[in-house]
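What follows is a group of structures, each given as structure tokens.
Look for subunit A in each of the two complexes below; its partner is subunit B in the first and subunit C in the second.
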Partner chain A sequence: MESMVMHTIELLVSPLLALLIGIFFLGLSRKIAARIHWRYGPPITQPIIDIIRLLSQKSANHGVAFNIGLILSLAGSLTIVLFLPLGRIAPLSDSGGMLVILYLMLIGPLGIAISSGASANPNASIGVSRKLLLSMGYELPFLLVVLAIMTAYHTTSLTEMVSVQQATGWAIVSFPLVLSGIAYLMILPAMLGVRPFEVVGAPQEISSGPLVEYGGPYLALATLQHAFALFIGVSLFVNLFLGGAANPVFFFLKMLVVFSLGLFVNAVFPRLRIDQAIRYLWRWPSLIAFAGLILVCVTGR
Partner chain B sequence: MGHKYSLNVVYFCTGCGIIEVPPSITARWDAERFGIIPVATPRQANLFLITGYVSVKTLRAIIRTYEQMPEPKYTVGFGSCPINGGMYFDSYNTIKHLDKYIPVDGMIAGCMPRPEAIFIGVTHLWTLIDKDMADGYKRYRRNYSAYRANQERVLGKLEWPPLFPAPGEE
Partner chain C sequence: MTGIEILLLTAFGGVLFTCFTGRISSSLRNIAAVILSIVLVVLVALLYDKNGETVFYRGFFGIPMVLRINTLSWFFAIAISTLGCLSVIFSLGYMRDRKNTSFYYSMLLLVNSAMLGVVFSGDMFSFFIFWEIMSWSTFLLISYNRGPAVGAGLKYIIMSIIGSMAMLAGIISLYTVYGTLNIADLSHLVLSSSTPGHQIFLLIIFGFAFGIKNAVVPLHTWLPDVYTEAPSPFSAVIAGMLTRMGVYGFLLIIYVILGAARSLHTGTIPGFNHILAWLGAITIVIPTFIAMLQNDAKRLLAWSGIGQGGYMILGIAFGTNLGVAGGIFHTLNHAIYIVLLFMSVAAVQYRTGGVRDLNSLGGLIKKMPVAFFGALIGICGLIGVPLTNGFVSKWMIFKTLITGGAPFLAFAALIGSWGTILAAYKLLHNMFLGQLPERFSNTRQSPFSMKLPMIVLSFTILLFGILPGLPLKVINNIVVSFGFGSLDVSLWGIVSETGMLNTINLFAVILAGLAVVWLFFRIGARAVPVNQSDNYAAGAAVPGDRYNYTVKFYDPLTRTISPYLRDIIDSLYQKIAVFTGCVCNGIRKIYTGYIGNYIMYIVLFVSLIIIVQMVWSPW
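What follows is the complex of A and B.
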């Protein structure tokens, strides 16, 4: 009974924490970008103000698929959060492990693709094709990285990976896995969709891409989905390479460090073209991740 | 509060006034302090800055953009041209009084207004929003047939259906 209550509380607390951290990251990214540009920047609560404003507006609807796709992508992201250990809070992570996360990670982009495809805007179609191309670009190195980790620790469970790392040291400082860690860091901006790889939502080229027809509450939901996506990308790195954490506070601090690294890259780099992005993603991170996988297999832990 | 401190401006340069917008959103004047950012599509915006003179061709795009924005939405005319035609007062091709065609919540006079004038305009818009006096979108809904008649007088037959039904046929 006691464990049942705890389990239910964890199921409720984990998405809520993820949402809070994701929205905080959205605000932080605007503030840090502003400080790097020598501006004062918006208040850190600006995304919350925006979401309140958007939820109180009423915008055009583009049919059933528009709504369903948006809800699908939000639900996919929420489900991934339940499978990610967040400090000791790990509601479902002992029942699925890495393989479930790999499957579920496709639902987010796919839902947005269905939804904005239904809006029948040419800019949205270009954005969706870029989004799927980009996810094809980073899925290859990402799969190689995950394979290396799973081979090295002989497990597919995230909680076991975290506990092994807490016993023997972080994966990013152990020899063969450091290559995988570097490869993951190199594809992290693409997974978060920030500046060198901001090809999907490029506001100046294709009018913010898939989000071009989203207004009012739809844009608010899409913003929440983006917040979840930020949380998922960063917390996967913390779990896989920085050894998770003993409690949510340390976990948050580690996430903050990783996310700030991404922000610094975001604030100073221009945007790549989609072909340059794919060429980069399939060349350097894939090569390093592949070398890491080979080394892990050869050294055979 | 949400509407006041989260003004998203639609990127739409009608005329030369747009040259004053980049300084006000970048490092020198930094409009993002007040939650004002330019967005790329009218669906996400709630503030429409008409920057500079309005030609007959631009008016068509302005009306379509304005009608796509979700309510509540605010319009601010920027520079003297949207007020009374400005230096193009005798041009055959320029709209002289913008507020005959779409409702305007406020005007920033000057040719060009400095970026500081944009901020004075924004703080004034805040007071209007607080007092519920920035009601251009309500006026548009109420007097839609009159606005539509004015638009059709300049542009001829409009190719899109009326945004709101006529008073009798709801």
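What follows is the complex of A and C.
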């Protein structure tokens, strides 16, 4: 009974925490970028104000798939959070491991893709096409990284990976996995969709791409989805390479460090073209990740 | 008379009956075909959990011809009969205004009957006969559309004959060595008294035959043309089950006849399996990337179908209980979603007047919602999105590869999955999303006979994705009958040694997530439905009819990878074919038709012999 109650609380708390952290990151990113650009920047609560305002605004609706795709996308992101250990909170980690997370990570982009495809705006289609190409670009090294970790720790369960690291030291400072860690850091901006890989949104080129037809509540949902996506991308790195954390506070601090690194890159780099982005992602990060996987295979025997 | 005999008699008799009623009236024939295919499903379903074999004919040189049923054959038979039935129902609408429909229906049923014969064969001889009936009737039906379809059919039948000849050589070798062709007897004899050399011979020669049927790279070249040119409901049958007879064949030779799971783990089979697994990995990656370059909806599906075949081979070749079960499960899942996808494309083709060019379609979602829904669920299965059946079988295969210490094979399989997303989304987007071109503004919904199979299949995909235990219990029995350990399968999940999958939890959570998000969405202000031309165009006027992004959908990637992705093997085969043609043409020139020339040949030959005898006197 006790455990049932705890389990239910965890089920409710973990997405809420994720949402709070994600929205905080959204606010923080604008603030930090502004300070680096010598501007004052909006208050850190600006995303919350925006979401509330957007919910009350009218907008255009392009049909059923337009609604359902977006709802599906946000629900998918919400689901992933339950599989990710957040400190020691991991309500659904016994229902599926890293492979389930990898595949659940498809639902978010796919939902947005269907929704914005249904909006019948070519800017959205271009954005989705770029998103899929970019994800093809970073998935290649990312899968190599994930496989290296799974092979090194002989498990596909994320909670087990975390507990092994807490017993024997972080993956990013252990020998063969350090290469995978470096490769992951190199692709992290692409996974988070920040500059220099901001090709999907690209406001000046394709009017924010997939988001072009969203307004009002739709844009609010899309913002929340973005917040979740930030959380998922960063927390996956913390779990895979920084040994998770014993409690949510330390987990949050680790995430903050990783995310700030991404922000500093974001604030000073211009945007790459999509083909340049793919070429970059398939070259150095992939080679390093590949070397990492080979070393793991060789030394693991 | 046993159940299987009744079943096959009904099947083959029904073909004749359908052909006959076609002479009387076409609607009568349609009813006969539908009823027959439903009866077949029922008959197969009644045979569930039966085991046994019967001799149905002794006449051929004293070789008894045997039919047998076990879990493996039942599993394939139920898939064949059900998908065949749905395809017949779908054809009712699709083939309505075509010529020669009697021929079409009887051939479709003949292919299905022959496939049932293949899986119910108890000896290699009847297996071969049914296999040949299957190949030839397929050839006839592929060429139904004429034009380029004839070329595709020829390509298919030539490769098929090469495969059959290899198989015949294997069968003869089995008979001369063991003196029997009965599969059950063979599996005992081979296990106790086979040499490694003979094993590897059998594996290669049968692997060649089944590799052609299952389109394993480099034996895949017949497939894209055939899938593209065959009538669409029949493309679905070819893609769903006929190609996968190759998977059945691989299971038969590796695990039933050679008994790889029981005692031959030390022989030559692991080496063969290793090579086969890598071929499977290549089959996944290259065709998947070729698929995303295609602009023809059916050709895109064909190339992704080749890629999916790689997963089955990979799972089966890896040879653990989870992997083999995953491979078999993926065969079923793939059949379900690829049939659905072909039906969806066919529905669009039917309503738009035969258009399947992905560059000229678009925005059909509002005109054909059911076809869109079918395509959406279908591509979700194809990609392996959680809660669809494709996810579970892929999960099993990945799990096997990772825990089995083959990260590079797992990498090939995973990256293939991500490549599939690009191809699948292009299919969905370019047909149904984006803006509707003016000339399709009067497109109507697909007729009921097309909607019904699509709805049934979509439902099945979700059902098997949420409750994978339903088919997995049967698959577990198959795997156990091969001699593997039993899997820990429950109705909604799999527990393996190193982690588990619980799909019902996943389902509940996603459902709850949807409910929460939907409620949140309802709180917000109402949205106003707008027309597709009421779009943001950065201040410019929205150009009518050309404001769409479909052509060169993945251009940046295409430019980078397309130089590496030409079908080199196909052009090699083409060159061989042209060369053979030239040689044969040269030989033909000898036969001039004049008696005088022939006499001259004889005189020349005799004098040559005489000269040889005079000079060297060898005789």
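Please note the rule applied: the second predicted complex is superposed on the first by the 300 of 301 C-alpha atoms of A that agree within 3 Å, B and C clash if a C-alpha of one lies under 4 Å from a C-alpha of the other, contacts with A are read in each partner's own complex, and residues count from 1 in each chain.
In this text, a residue touches a chain if its C-beta (ideal position, glycine included) is under 8 Å from a C-beta of that chain, and two chains touch if they have at least 3 such contacts.
As the structure is a computational prediction, the values presented were derived from the model and not from experiment.
Asker: Once the two structures are overlaid on subunit A, check if subunit B and subunit C clash or fit side by side.
Answerer: Taken together on subunit A, subunit C would fit alongside subunit B, as the superposition shows.
Asker: Check the residue A:248 against both partner chains and state whether it touches subunit B (first), subunit C (second), both, or neither.
Answerer: neither
Asker: Which partner does A:196 contact after superposing on A: first (subunit B), second (subunit C), both, neither?
Answerer: Neither: A:196 stays clear of subunit B and subunit C.
Asker: Quick one: name whichever of subunit B and subunit C touches more residues of subunit A.
Answerer: The partner that reaches more residues of subunit A in the superposed model: C.
Asker: Would you check which partner chain A:136 touches, where first means subunit B only, second means subunit C only, and both and neither mean what they say?
Answerer: Once the two structures are laid over each other on A, A:136 reaches subunit C alone.
Asker: Of the two partner chains, subunit B (first) and subunit C (second), which one does A:59 touch, if any: first, second, both, or neither?
Answerer: In the superposition, A:59 touches subunit B and subunit C alike.
Asker: Return first, second, both or neither, reflecting whether A:42 touches subunit B, subunit C, both chains, or no partner chain.
Answerer: first
Asker: What is the angle, as a multiple of 10 degrees, that the CA centres of subunit B and subunit C span when seen from the CA centre of subunit A?
Answerer: Nearest-10 rounding gives 110 degrees.
Asker: After lining up the shared chain so the two structures overlap, which partner does A:214 touch, if you call subunit B first and subunit C second: first, second, both or neither?
Answerer: It touches subunit B, and subunit C stays clear.
Asker: Once both structures are overlaid on their shared chain, how near does any Cα of subunit B get to a Cα of subunit C? Whole angstrom is fine.
Answerer: For subunit B and subunit C in the superposition, the minimum C-alpha gap reads 5 Å.
Asker: Once the complexes are superposed, what residues of subunit A are shared between the subunit B interface and the subunit C interface?
Answerer: The answer is residues 56-60, 207, 212-213, 216 of subunit A.
Asker: Taking the complex as given, what residues does subunit C use to touch subunit A?
Answerer: Residue positions touching the partner: 363, 365-366, 369, 372, 376, 380, 383-386, 391, 394-395, 398-399, 402-403, 405, 407-408, 410-411, 414-415, 418-419, 421-422, 425, 428-429, 433-436, 493, 498-502, 505-506, 509-510, 513-514, 516-518, 520-521, 523-530, 532, 534-538, 547-550, 553-554, 556-557, 559-560.
Asker: Which of the residues in subunit A come into contact with subunit C in the complex?
Answerer: Touching subunit C from subunit A are residues 54-65, 67, 71-72, 74-76, 78-79, 82, 92, 94-97, 99-100, 102-104, 106-107, 110, 113-114, 117-123, 125-126, 128-129, 132-133, 135-136, 139-140, 143-144, 147-148, 150-151, 154-157, 207, 212-213, 216-218, 220-221, 273-275, 278-279, 293, 296-297.
Asker: Provide the residue numbers of subunit B that touch subunit A in the complex, in ascending order.
Answerer: 1-3, 5-6, 8, 11, 26-27, 30, 32-35, 37, 39-44, 46, 68-72
Asker: Applying the document's contact rule, which stretches of subunit A touch subunit B when the two form their complex?
Answerer: Those residues of subunit A that touch subunit B are 30, 34, 37-43, 46, 49-50, 52-53, 56-60, 203-204, 207-208, 211-216, 219.
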